[in-house]
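To keep things simple, chains are lettered A, B, C and D as they appear, and every chain counts its residues starting from 1.
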Amino acid sequence: MALDKTVSGVEAACQGIEDGMTVMLGGFGLCGIPECSIGELARLGVKDLTCISNNAGVDDFGLGLLLKARQIRKMIASYVGENDEFERQMLSGELDVDLIPQGSLAERCRAGGAGIPAFFTPAGFGTEIAEGKEVRQFDGKPHILESALTADFAIVKAWKGDTAGNLIFKATARNFNPAMAMAGGITIAEVEELVPAGALDPNQIHTPGIFVQRIFQGAHYERRIEQRTISTASSNK
Amino acid sequence: MALDKTVSGVEAACQGIEDGMTVMLGGFGLCGIPECSIGELARLGVKDLTCISNNAGVDDFGLGLLLKARQIRKMIASYVGENDEFERQMLSGELDVDLIPQGSLAERCRAGGAGIPAFFTPAGFGTEIAEGKEVRQFDGKPHILESALTADFAIVKAWKGDTAGNLIFKATARNFNPAMAMAGGITIAEVEELVPAGALDPNQIHTPGIFVQRIFQGAHYERRIEQRTISTASSNK
Amino acid sequence: MLDKNGIAQRIAQELQDGTYVNLGIGIPTLVANLVPEGMQVEFQSENGILGMGPFPSDDEVDADLINAGKQTITALAGAVYFDSATSFAMIRGRHVQLTVLGAMEVSQSGDIANWKIPGRLVKGMGGAMDLVASADNIVVAMMHTNKRGESKLLPSCSLPLTGVGCVRRVVTNLAVLDICDGAFHLVERAPGVSVDDIKAATAGVLIAPSSVPEMQL
Amino acid sequence: MLDKNGIAQRIAQELQDGTYVNLGIGIPTLVANLVPEGMQVEFQSENGILGMGPFPSDDEVDADLINAGKQTITALAGAVYFDSATSFAMIRGRHVQLTVLGAMEVSQSGDIANWKIPGRLVKGMGGAMDLVASADNIVVAMMHTNKRGESKLLPSCSLPLTGVGCVRRVVTNLAVLDICDGAFHLVERAPGVSVDDIKAATAGVLIAPSSVPEMQL
């Protein structure tokens, strides 16, 4: 019988997240971010967080909510910006920022979950990203050694999930969620629709439940769009 | 518009496979092996192959067919046996055998497809597998450096595929197929059912078509079972 | 003294509620049928399934659904299939909490040898090297002595190793023994087996407390 | 002299039938609408889609379907979604054959700088460092000079690098230039632009053949 990962809701899911912890959060821009859990972190007021997320939200949504409340001490991301408060805190030195090539960020999270402590990648060779890192040639091409990333908690958002923690993501809202789900000491999954174990096709699951410790059905998803681009009859067809 | 990867059949799919090449083949035991393409390789009679596959088939099926015809010079696998001819050739020195821990084999194929030339793993430290390999401590635990595997051709078997090369596998017939599909210079996919691009849900694809260069619908799948185990009323429920 | 089923029964007591478990071929496979009532355990098979169920009935048999021993199986509600790289990500990443496997030899420092006998046909290590290098909890299920009556619990392994310093506990037909500080520590005796019997069958350093309880099966 | 659309039109001529292409933000994005008739090209966006289609109509907009520029998009028949680690496996593993991206500076040895201006806000490199370190064919689409009229084609980059020795071709509002052997090699002039104009706007070593054809758009 499948293990039951359900918790009563977002409060139970986020229990144990404390000041100073490292938290990974899925999403690309505002697409596929764990909206409910971010709201709960804001409500809890946990501070001095190190957040690992591809982006840092916008001023009034996503991780921007935690930035505004000064709950984040360090941000590990590939692309920030779209966020005035972020800029202010970074320039004033209130916020540490560690920028990582996007592919290395994704692979480092996967590695963290897969028990691979380090791997070589060509990304960033010859740039400041490579400073202090081991360089080695493979097939005549220089590569740098990158290490795994893990977190006390990983928080992901899925489209559907079952009580065993199995997850299915929708379209490009998948992005960093599967790799981060693997890398969390405790992984929290919030889903739009929670179904009983056995209701999902075992062939179609993106994240196996073994990577998920807590799952709950979220509510009131705002799903904000950053760049609403529409094609007109004359363009783009 | 999606790229069209279809070829007319197994003959066209296997064109270009020549003596001395390295060929990766998906499957675990006899489950999920590319039956049609193996038959074609036997028919073609290409020799001195280096085959990378988790297992080496049985005497009269799977890679055993190529072994019997002495087409394989070197076998890279995690578990062989179940095969008398294999044993004879290995003991007589006709066949080179390189045994690799199963998880390292899978990860080395994925790495080969993902542009990661090497990674550290704890598997095999302190054993003969580690001989000549770099050892490094991470978190106080020794790891060995393993390198990527690639092949001239990778041959995989899927349940469904579309003309764009997108693949869906069934149950545990998935096994090594997705990682090997990534690592082939040319990747051949044989599928039980080939459908037009657009007929598969883009959310449910296991191997994106970008990893597949040639696809065709196979026929006459024998799907042999190695260990037919049945539960009786009294056992196992 | 236990038979193989008895060893599997004792191993079943090692299962913990709410965990993922990988069972090797042989005696460990028997454990799947012995999960204590009311306990939730999910079995992983490294060829690509979580939530492995019992063997199928004759009309349920599916060639595309097997376990790592290549036996036909079924999938329970909540099961999931995945590829080999993901499977070993689960194993190497320590998401599988308990691995039970057989062994030819175990040393008093926790080394294990179970894949190769020099001079005889080598079939390969399969997933064993990844499994023993990864899980926090490695339990070995085996007979205490080999067919020639020689101890399989040794000061150091004579056969090529599968893994180093990884075995935490050994369950044999004679005893349950923990490995730490370079010695086998006797935890339980099999029914009808004396401490002296176990000492006689153990070549490695054996530390026995003054009173050793008998297994409760 | 070309405008941004003209640069995109010229870049479109770099597309090859049957290939996978990643387009960066800005001018490269425009190329998606300029695929030559009858040519099959599939666009990858590194946030997790192959087979990216045009922007949606108002009622097709889906917040869960965006490109790497965070714009709402559609998916064509045969499209597939995947996670970020798989996406960069495609990129790093050289399965994406052509990458087109913008730049602040390009050097005559093929270095590119496009992610950071010291002393100004750093927004991050996103996927650019992975992209330029990986694809065999990296084409830069940019204006030949910056807003202060200074050349962006330099002996060496003054800004922090995104990648080293990776750019093969640069398409600007003035010219098409190939990079090899430590120099910019003039391949084509933009309509109405002279070789002298291009020389004047190029700070790095420029090698021009005796006759330089005008672009055919």
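Note that a contact is a pair of C-beta atoms (placed from the backbone, for glycine too) under 8 Å apart; a residue touches a chain by one contact, two chains touch by 3 or more.
Keep in mind that this is a model prediction, so the values were computed, not measured.
Under the touch definition stated at the top, chain A and chain C share these contacting partners: B.
Counted by C-beta pairs in contact, the busier of B-C and B-D is B-C. The chain with its Cα centroid farthest from the Cα centroid of chain B is D. Measuring from the averaged C-alpha position of chain B to that of chain C gives a distance of 28 Å. In whole angstrom, the spacing between the mean C-alpha positions of chain B and chain D is 36. Between the Cα centres of chain C and chain D there is a gap of 55 Å.
Computed centre separation for the pair chain A/chain B is 32 angstrom, with centres defined by C-alpha atoms.
Chain B has residues 107, 110, 114-116, 121-122, 169-171, 202-203 in contact with two or more other chains. Along chain C, residues 49, 75, 81-82, 88-89, 91-92, 134 each make contact with two or more other chains.
An unclassified topology is adopted by the chain contact network, corresponding to no line, ring, star or complete arrangement. Going by the touch rule set out above, the chain pairs that meet are A-B, A-C, A-D, B-C, B-D. For chain D in complex with chain A, the touching residues are 33, 45-49, 54-58, 61-73, 75, 81-85, 87-89, 91-92, 111, 121-130, 133-134, 160-165. Interface residues of chain B, counted against chain D in their complex, comprise 1-4, 110, 112-116, 162-164, 166, 182, 196-198, 202-203, 205, 208-211. Per the touch definition, chain A reaches chain B in the complex via residues 107, 111, 114-122, 136, 138-139, 143, 147, 168-171, 202-204. Of all residues in chain A, those touching chain D in their complex are 28-32, 54, 77-81, 87, 90-91, 97, 99, 101-107, 109-110, 121-129, 159, 169-179, 206, 223-231, 235-237. On chain C, the positions that touch chain A within their shared complex are 18-20, 40-42, 44, 49-51, 75-82, 86, 88-96, 134.
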